[in-house]
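Please find one structure pasted underneath; my questions will follow.
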């Protein structure tokens, strides 16, 4: 099996069956290194739904994807066997049933020694992936969490699990080691001052937009921590970006990052043991020009190059 | 309390807090006759979500509403005390919890002798209303069901309850008497021939688009059944309309009805005991020019005039 | 001067400066027969504005226009000298000042023996045109008025003149002879029964959608009145069409006509003395696929062929 | 190989890699009966482009497809082995090169005894398919041509071949027998009277919207011709539909057919030797609510059932 | 009366009657501190209308609002009694009549010792508010004016008062003290050099985008003036933001500010006597993803926190 | 002939026939200095088409244009005779035929000593203009090329000429001197490392987004080269801008420039011999709020001021 994308110079990029980066759609048991997988579930969202269509739309947008990274000076297609492994089964009307299916799917995937990028879906889909990962890897993970929101919020409408509480549960249920983790792009407003209690108590490294901009991007990048060999996961909520750059999302917050900033930060990360990643909260019904899907695709490209480089 | 709408000739229709038909927003315990209520839940939908925003959008569209019906020669504002009673509580990420809240809300409403129009939400919201109604009224109801789909479909993804199975459950759980009920606007395609077993077995009066068009609308109307005093409920799925008339819906089906046809059919119904109605499956994210919300508003107007006339 | 459109087989229809039907843009004093003129004013509208952009958008949509009419078997470009004479001056923030400018412009135009189609703008722009016409022609006009609304409504917000009262004033100020006039496409709801008083008192021939559909279109057409030589004006409010066919308008009303119906009715009109026409209430911001502008263009084509035939 | 669609009751319809009707994507040499194939070329279009994205969008819309036809009482999935065979190679910037690729692809396909539905692309893609078919089948074909336009127009901008001239060439180059063929949904305006010369000279059976509506749909259907065993091809230009039903197209024309009308006509066709079909001129950038893609999908369903029935 | 917003953790943010920040809708005579009020008038606009729908859309967008400000470390809901007091009466087709209604409304409001944020409407609505304020407070005000445009422009189309001349009149009619005021976000192009005469003559402190960016945001903020106790008003024209951040406005100008920049500037303002503010020129018809309304909501949040802090 | 724009204070900017900057539409042989011309061809595009509509849309957007430049302190309308000279003839379905027409048109234009701004169209339209210019001026040109892409890419689908290869051909065919030229805004990803071979081999001065941002905009501007008297051409591909600022383009790439950055760079250019410019790849179907067209218009304004200043 050759894990090469359909050539855009042979077959126009608007043609063909849509898979992530025009890569082969293979059986989950094939011999690829990195599986690109959709998790089309938006049943945990509190405001604008639609993320269930994100895998389809990002597959289409990724027709414009290329493999060679100018800064890293490498072509990820040449270093890694990357494949589209289709969508994880979900149950659109039950978060509980979906959690079980996600857990089963990703547990097996990681047992098979695969790394992956999961394309959500809303941010509630991250929790069962983290649970699976911490079990397979036998320890709490490091999470590098790009987001506008802390996602450590309390239950809502009587429900513990929703798209704004994944990190609270991941920490409380010991899937994630908060002291080794960091958050990037966070900004207000908050519901109340006590929204900060959880991150303070758990010593989460919260990086706000101010932290990135006041001193300037170059300084911020220069001071990024050196990461050890702890199994590390990147969770990229597209709403870390400003709505100008990512209007197609469920709970947009103004005053956010630019795609250039997230590109530069991603490029600067040195992660010896990056086991997987997700890109969540892309909502195509609110993305009339597809620029949010495009940003998601580019973020996947940056992460794939991190994986290729490691 | 005067149940009169804000005058469009005094306050421009684009101004003011948005309530259904610019009517007063009152406490659910007030002395109105007909409560207009939102049920903003789309957690039972199988394809395009967004119906959670329907009550908000229909409130806005109903700013263009008026009260006098040319055919019926009456002004519903003068015959009925109609009010906006806000939204029924829902839990966006749990159909089960939402069902309980809907049941509680509508049971109390009907115990208080109120009639109502419920603005969904997806079609799964109809079932707990029917359950409440059959309990309060002490018998199975007649349902006049406008839809493209039979909504008698089997479980999906291991879930009994979803937006395509409300009528199956309503019949099986004895909230609805199928022999007294009818369906209008139904059309294919179907998943299989056995999709028809349920309606055949239960002798549901299924009226397809062909049944309305082949002989012509006037003949169809002339042959509408005379209804007895059985408590009757109208469930109007906006997708009974053709997507040209109602693009903003979750599972559109071409070859559907026009708004003129549903207006004429609604006007011709003679229902001695109309206890309530719903208008469901309006999905504003797919309704860029608001014509679907407008059709929903007009349908509510037709139903309110039926209630005023009775 | 040759009044021929730019050929679509020589210059692609998307190319070139946009004028109505790709016709020459000429000075108002040139020797054309029929002037096509924009009146980009929407300061009289009660709900959705945007008709100020209609002349621009209809000019663009009319790039798709052709001249040969299949039923009439004539090419209007060959029978008439038709030209784009630009836009009538308007004052966007003053209805009074705009009325004076419209009156001046159209009075001169008709004194110069020109016939015309005016592309509004909202329906308030029709009144000063009718005023000018009745003065130049020395008598009240016949108006054939396509609309969802009667436009005989009372003052609103303390203002006599607005887009819903043009016909009341035209009759009251004797620019229009109501007994010789007719309305087509009218439908409810109304604010109250007394909305009908004006048309009853003045014996306006009101034709509703029911009047057209219950007996069928062919019968309706067969019974259209024979018109005498009274100077006649067609005022075509695009909202006579159903919102499915014309979403881009200020106050859409469901249950309306199809473009096929208005085409057939326009084709059947026999008007010996058609002095001018307008097409109003096209609102491009609410017309994402330009189908409303296209309907306006086609209506102009039908009217131009009526003029060519006469 | 099982040619069954992915079940919507097992895998939600918004999930999974998008293929036509959720059918398997197979190699063109597999043992299917009917190949569904994209031809994503819009380089022959005269006004709004975008049809290059139609195969992708119709694949997505066909997620909502089902197999059982209520009128025909059959499930096409059970009678035929239908598969998605991907896209025919095209060269976006060269009509000539694309024609060669289409000809090669479809000639081989038909030599392999496959029937097919081609999803364009603009209408210029039909000509090389007809050429291939007439060569493989050894005689001129019958074409049943749904369209707003005659498509027998002269060269434009010095180019013989474009999306409005396919039928002229197909007749002149003897791929199609005009006397055995028919056109449905045609309407004006035309550029000139001589636009009709070709169809008159060649005795093409042109059916206009008037021909369908004046006498009524039932009569039109009753008088449809009985077709003999001549190899027959259906070319369905989505602009035969009214822009209300199919806004997403390149050169929309008002006054068109409804999806109900085309459904009924398609259902009534009795074609003993239906060798293939195309659905062309769907332009997703002008289809914000996807209703045009949905109409295309439903048309494919009707044609597949015709094929299953034959 | 408790001036608390509806909780998003109890009632989903998409549910309920829409008021600003989900706050109670109260009578204008109630005991709140800060009144949030709509002024839905766009009759003074020179290009794209639609701001009449801004109060409705911002009410909806403010469902996502929260109260706790990370930098200020306060929750405005806890420091201030804030309420939605509905919309100021307007006359959509008369700027003169609207000015009187605005003047009456705001004069009374300020006489009742209320502070407020007015949600326009176009920028012409600011003038009568400034007039009322200067009269009630007995002296010319300081205005902190965020805008792309100077709004000191001459009459247009024979009209003194329009959305581009409010500040000229406010200075000339002595409602505003230009020497105490400042403008932020101004940029070209201008109609002519003399557009600058007014600000030069009146010594207005004009801050352009260059003034903010060339030296960097931190320096700009550090040099912001210290304001004395003069009654101060913030007028925030959303078009101070770049069209990437605020496409939904009437006269967008590229090269503008980011929401982060306006957030930082607003946070840095120290205004001892902030009597009111407005946020104007949001035009929902040009805001398909609601990001402009979201920016307006966030700006209101920043201003409310300034009020709470003071 | 007076080359002055229609006054926005006399005629509202939404009124009138649309020409670039509301300037007179004149015959190509008139006595203007700078011709503004559309080249509505998108037949060379590899992904999203639609640029054929750019001249029409930019004409409309340029209604908001003004003439006085704050930094340069000049009004280009007063220094130059600028006119709209309509559209260059094109053949939408043939790149070869279009190239000949472009070459003929621009060769004559330059022989007539005109300077110009060409509004594409896709980037393939630049090549024949460069060819014409190098021939008329008798030497290879300097190109200042704003773009996300290098446009030095190899043939695609067997075609040498397409929108991504114009610069390769311009250099190889000696229309452009690469050593005197520069590229601005370039960024990855690339298809492969060898995409850089051409620019390396030809010593093109490639400036990436990193080159502009890492040291800061002011430093970048300060280091811009001094240009000699070589005939110089600016080719501005709108996709040099980030998709947040220019979503309406054919092949958007995230991580791009802001309009403020391109304004500042353009303002800083000192070009003694600027013979012409183009602005390409604006695709209106993907620009729902017209901000891309607005950016194109503003870019033309900056270039016109450079021409006026020189």
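When the chains are written out, they are named A, B, C, D, E and F in that same order, and each has its own residue count from 1.
In this text, a residue touches a chain if its C-beta (ideal position, glycine included) is under 8 Å from a C-beta of that chain, and two chains touch if they have at least 3 such contacts.
A quick note: this is a predicted structure, and the numbers were derived from the prediction, not measured.
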Go through the assembly and pull out the chains touching chain A as well as chain E.
B, F
Field rot_deg for pair chain B/chain F, CA superposition, rounded to the nearest 5 degrees, holds 180
Going by C-alpha centroids, which chain is farthest from chain D? Tell me that one.
E
Are the two sides of the chain C and chain F contact the same residues or different ones, given that same means over half of the numbers occur on both copies?
same
Using the touch rule from the top, work out which pair, A-F or B-E, shares more C-beta pairs.
A-F
Could you tell me which of A-D, C-F or B-C has an interface matching A-E, in the sense that over half of the contact pairs are shared by residue number?
B-C
For chain B and chain D, what's the span in angstrom between their mean Cα positions?
37
Rounded to a whole Å, what is the gap between the Cα centroids of chain A and chain B?
39
Using CA atom averages as chain centres, what separation in Å is found between chain A and chain C?
55
Of all the residues in chain E, which ones touch at least 2 other chains?
12, 14, 46, 48, 52, 90-92, 157, 242, 244, 286, 288
Which of the chains are touching one another, listed as pairs?
A-B, A-D, A-E, A-F, B-C, B-D, B-E, C-D, C-E, C-F, D-F, E-F
Looking at the complex, which residues from chain E come into contact with chain B?
11-12, 14-19, 25, 38, 40, 52-53, 55-56, 59-60, 84, 86-87, 89-92, 288
Listed in rising order, chain B residues that touch chain D in their complex are 46-48, 153-157, 187-193, 195, 208-210, 213-214, 242-244, 247-248, 251-256, 286-288
Looking at the complex, which residues from chain B come into contact with chain C?
8-10, 12-14, 63-71, 73, 75, 217-218, 242, 244-245, 258-260, 263, 288-291, 294-295, 298, 301
Of chain E, residues touching chain C in the complex
42-46, 48-50, 52, 90-95, 97, 124, 157-159, 161-162, 285-286
